[in-house]
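Labels for the chains are A, B and C, by order of writing; each one numbers its residues from 1.
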């Protein structure tokens, strides 16, 4: 059986669904293919303990730019985000908070991100064979380039009055991440902040609303079948093959998988141009995020010295300006640091729907957790040790939390890789580094979302736009497909 | 970045709360302050005809101390602070390395190695960096004491009636012992008034003494809104309200020239950002102007059109109770900044006038209103 | 302010750069005064006092960036500059004995790399071609005062490379750690981590240099590096420059925002409309000028000093070290670093104030090229170790002992019996040696004219840190003099 489509989209995450909506609305015949039984990718929410719900992989995502949020009509279909108003660094003896409306750093980062997204959108709108994009010099084309040579510490220190404030600012930028804030180029992490706010009902509601829009736009979605190959004819993309052998013909394919998975799992290695395979191989992906979900009998006591609404926003446990370096060094050595960066969210405080009345949900996001340990796999013992380590850290700043834990679940990078397919469990589609960001993401002379293979488009976090915002890389890939169809580049 | 997201009360809060009939409060510089005590127009008018007191404890006050304090300030400030003798002060700007305005305020010399900076907006990070480089110690006195401004033609009379010897020229200040209180009386404000500063614990006594002494002159408290009206009438742009001061060390905007603040620069003095300022000087396209609007409705931040094209925009606009019309500070193209130049603008719509109306406006001399003196 | 006895120009610091600047100024007929704080001239290339009969420069161990224009225009060969070795090979010493020898000969190099990886051996000629092409494209920017950034495809390659780390770049070319770790040492010269952007560009900068007519070569002068100092002193004095050593400058005198002269420790003052600083710019701005002269924000940025540094360990040996392999050239520089991760670990430890277990180092045995540097039969081994912490947790006094022990131990593993032959060992502490500002990519890509200027009219930087990457070069001095004279004209 041969099915024919204008475009096939691999992956039904937010980016894939946004791409499908954009294409289907313009009258194209589109199919979305999802390996898992349910669509959503990382934007899912599940019951991890009877009555307790959490989004397992992240609580917040990079914000959806306003124009795209309006264009996709998401609010009307139920996507509502609750912003965090305050972030707190909590030490055993003191606390430091910053309100989001006082945060000049975040405002500046948001403005740069917005400008960088506009640049990515302009790239997507180019027709592939336009000579223009080869001519424009790299240096003045992308906002945020100056951060490519600065360290996170350099950029943040000018605004932070003291070490505690600096440590809080670093913790905010590096939540669940991996970076040595003294190394040049780490300032780029400011462009990739997951600060959308919590979606009401968990991130699943974003998926639901995208699916609802998709349904009205009229696109097909096929879940539970993995794409195994991208088919090519005469050097250009002609369709896909699924795990059950079904072949689907498509004039354009958009992959929302990460760069490595796209090229290494959907093509035979020797089938790729040598330069492409060399670059894909040298693209760095660093899984570093672990998550712990807790079902609590109730909120812990608020420490006496805290006079703010502590539980309404993220809480960074005892960050220190000199702590991120050793955490990074430990990650490189394949171990978990003694004090990895940990961020807590009492998600049910902002969104009581997540658990039964009187109880609470807590998520902990741990950074600098290696995907591969130097001493072998993530065994039960090692998982238990990490859970215990995190709980001890929580207990050190919020005593009594441990006694309230009814159930918990740990997710380490290999679990993320297995569930979402991201290489090494890297939730960010590749290391945030100067040679892998902005115009250089995934690499210089592929003007994202186009790739070196005709008819294959890349969306998702491995693209320039993918780390800057949610849904946006899918929309840009769809716009590139439409521009190329219109110009007659796709047969 | 502030230590706590909590709103702070000033030491006069108890009296202000009693005088604030409609419970109208506003957050300003991290303090909770009275928006108006019932009628901002009447309060502003009283500052022109009688006398008002205004809580100015929200102003950022920073002591710089050490043998190198004079050197540090003369490097930072656009006028040579080291030439000041004790008891004198200067109105100054401070610029970043790119020649952009980071802040504006008054520098007062208390002693050979002690200075006070008073400003409408905080810039703690910048001064901390500079102080470290010069080995100067800093002390933020904003919460240590409180201050009241006494504005109006009868300000001096009220001080006399209260028993405060106040023989001060503008920009001078004295430390005095006044019936059991240690106070500093200064003339740093833009309104030709007086400021009286004392320890936070003594503030309520200060308020009561001045109100009692001023009763005969029709004294009343004035809120933040009235202060804005007086500022605009005087033609003073304020950071945070009319412009964003340069956030980082190398930004090029806003320049002193665009803000019409070049009079606060002593070109002969060697100060931070001087080279960049000189290099950029004259290349600015727009400048600050005062415009009067043929309407009673103020028009904040609206485009100004000249023969059909947009040639600038208003900044803060207020209704002036003295002039009985709307006035505004504006940023206009230099060629159109001459007094008398006509513009057209569209008034903001409201429930009362839902249809957009174009009205005429023209450039006038600054200040709009000169402070009145007592007969 | 100028009196009859005033000078046309004053040069602060009598290192290589200061001497070059003074010689150039004097050549144009200017009345020049050069002031050096120490008794000996030469800075890093001043004769060191290791032990009786041994000649070794105080800081530098090889020459790789000396400006060929300076050599030609100051006629240094006529003043006695000769090379004992014109092109040192780069040898990566491996614990498995399969040493990697990288020399100007592409085929020899490839066959040495093939011991580790045939693929890398095949890649080597392409990599070298690309590196040298990019390097040549960058020469105008790096060599001339108003040189432009390359345009077209070369420019794009450089822009991309400027955002890359040397680790990532070499990873994208080679699979074997042997070749990557050997090449990487040069990329850390500016204090960069091999994970940071700028480190890949440092490799291009190295390849853009030319020694004795050979691109990217590393040389040792006959008579050691102090011979360069002697040639430069001769050039400066022959041109009529006045040189005073043992005179420390404590302040640059300003007339408004113009340089007007200098004040010395003795209180004596000297006036000149042009002042050239060949000392570290951090020292210049923080000590010799009033605080804030550089601008509050710029000073604040420069206050954040690099937390990594390099140390130098010099030892005298009673006999020539025997490295057991035939492929090793006698005159080579040797790299001791097993993997890229060795650099990463050392860098992360250094940033944390500690030494890692394995320290990357480069060493030379200059006496194998020039036997006159040591008493007959004896040798010198000079090693450069980096990255090491600039601010060790335990303090440098304690750390330098540990450092010396580690260096000797790692050398002993490759050169068995070496420790028995050591007669004398000296460790230079980096906190006393250097005073560099943090290096960043914008600094490396700005025009030379911008690198030498300061916010003060008439005051120019001409020392090593006005180079794209700090090095013994003289190029910044040549350009600073040209810029200063162009401004005055």
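Quick note on the criterion: a residue touches a chain if its C-beta (ideal position, glycine included) is under 8 Å from a C-beta of that chain, and two chains touch if they have at least 3 such contacts.
Everything numeric here is computed off the predicted structure, so don't read it as measured data.
Chemist: By C-alpha centroids, what is the most central chain here?
Modeler: Centroid comparison flags A as closest.
Chemist: Looking only at C-beta pairs that count as contacts, which pair of chains has more of them, A-B or A-C?
Modeler: A-C
Chemist: I'd like to verify one number: the distance from the centre of chain B to the centre of chain C, where each centre is the average of its C-alpha atoms, in whole angstrom.
Modeler: Averaging C-alpha atoms per chain gives centres 53 Å apart.
Chemist: Please tell me the distance, in whole Å, between the geometric centres of chain A and chain C computed from their C-alpha atoms.
Modeler: Centres of chain A and chain C (C-alpha means) sit 43 Å apart.
Chemist: Specify, in ascending order, the residues of chain B that touch 2 or more different other chains.
Modeler: Within chain B, residues 129, 248-249 contact more than one other chain.
Chemist: For chain A, what residues touch not just one other chain but two or more?
Modeler: Expected reply: 158.
Chemist: What are the residue numbers in chain C that touch two or more other chains?
Modeler: 297, 300-301
Chemist: Using the touch definition up top, name the residues of chain C that touch chain B in the complex.
Modeler: 256-257, 290-292, 295-301, 303, 455
Chemist: In their shared complex, at which residues does chain A touch chain B?
Modeler: Chain A residues touching chain B: 86, 96-99, 102-104, 108, 158-161, 165, 169, 307-308.
Chemist: So in the complex, the part of chain B that touches chain A is made up of which residues?
Modeler: Residues 1-6, 124-125, 128-129, 247-249 of chain B touch chain A in their complex.
Chemist: Using the touch definition from the top, list the residues of chain C that touch chain A in their complex.
Modeler: So the residues of chain C touching chain A come out as 155-156, 159-160, 162-165, 168, 171-172, 192-193, 195-198, 297, 300-301, 304, 307, 341, 344-345, 348-349, 351-352, 440-442.
Chemist: Chain C touches which residues of chain A in the complex?
Modeler: Per the stated touch rule, the residues are 137-139, 148-150, 153-154, 157-158, 180, 182-185, 278-279, 281-282, 284, 322, 325-326, 328-329, 332-333, 433-435, 440, 444-445.
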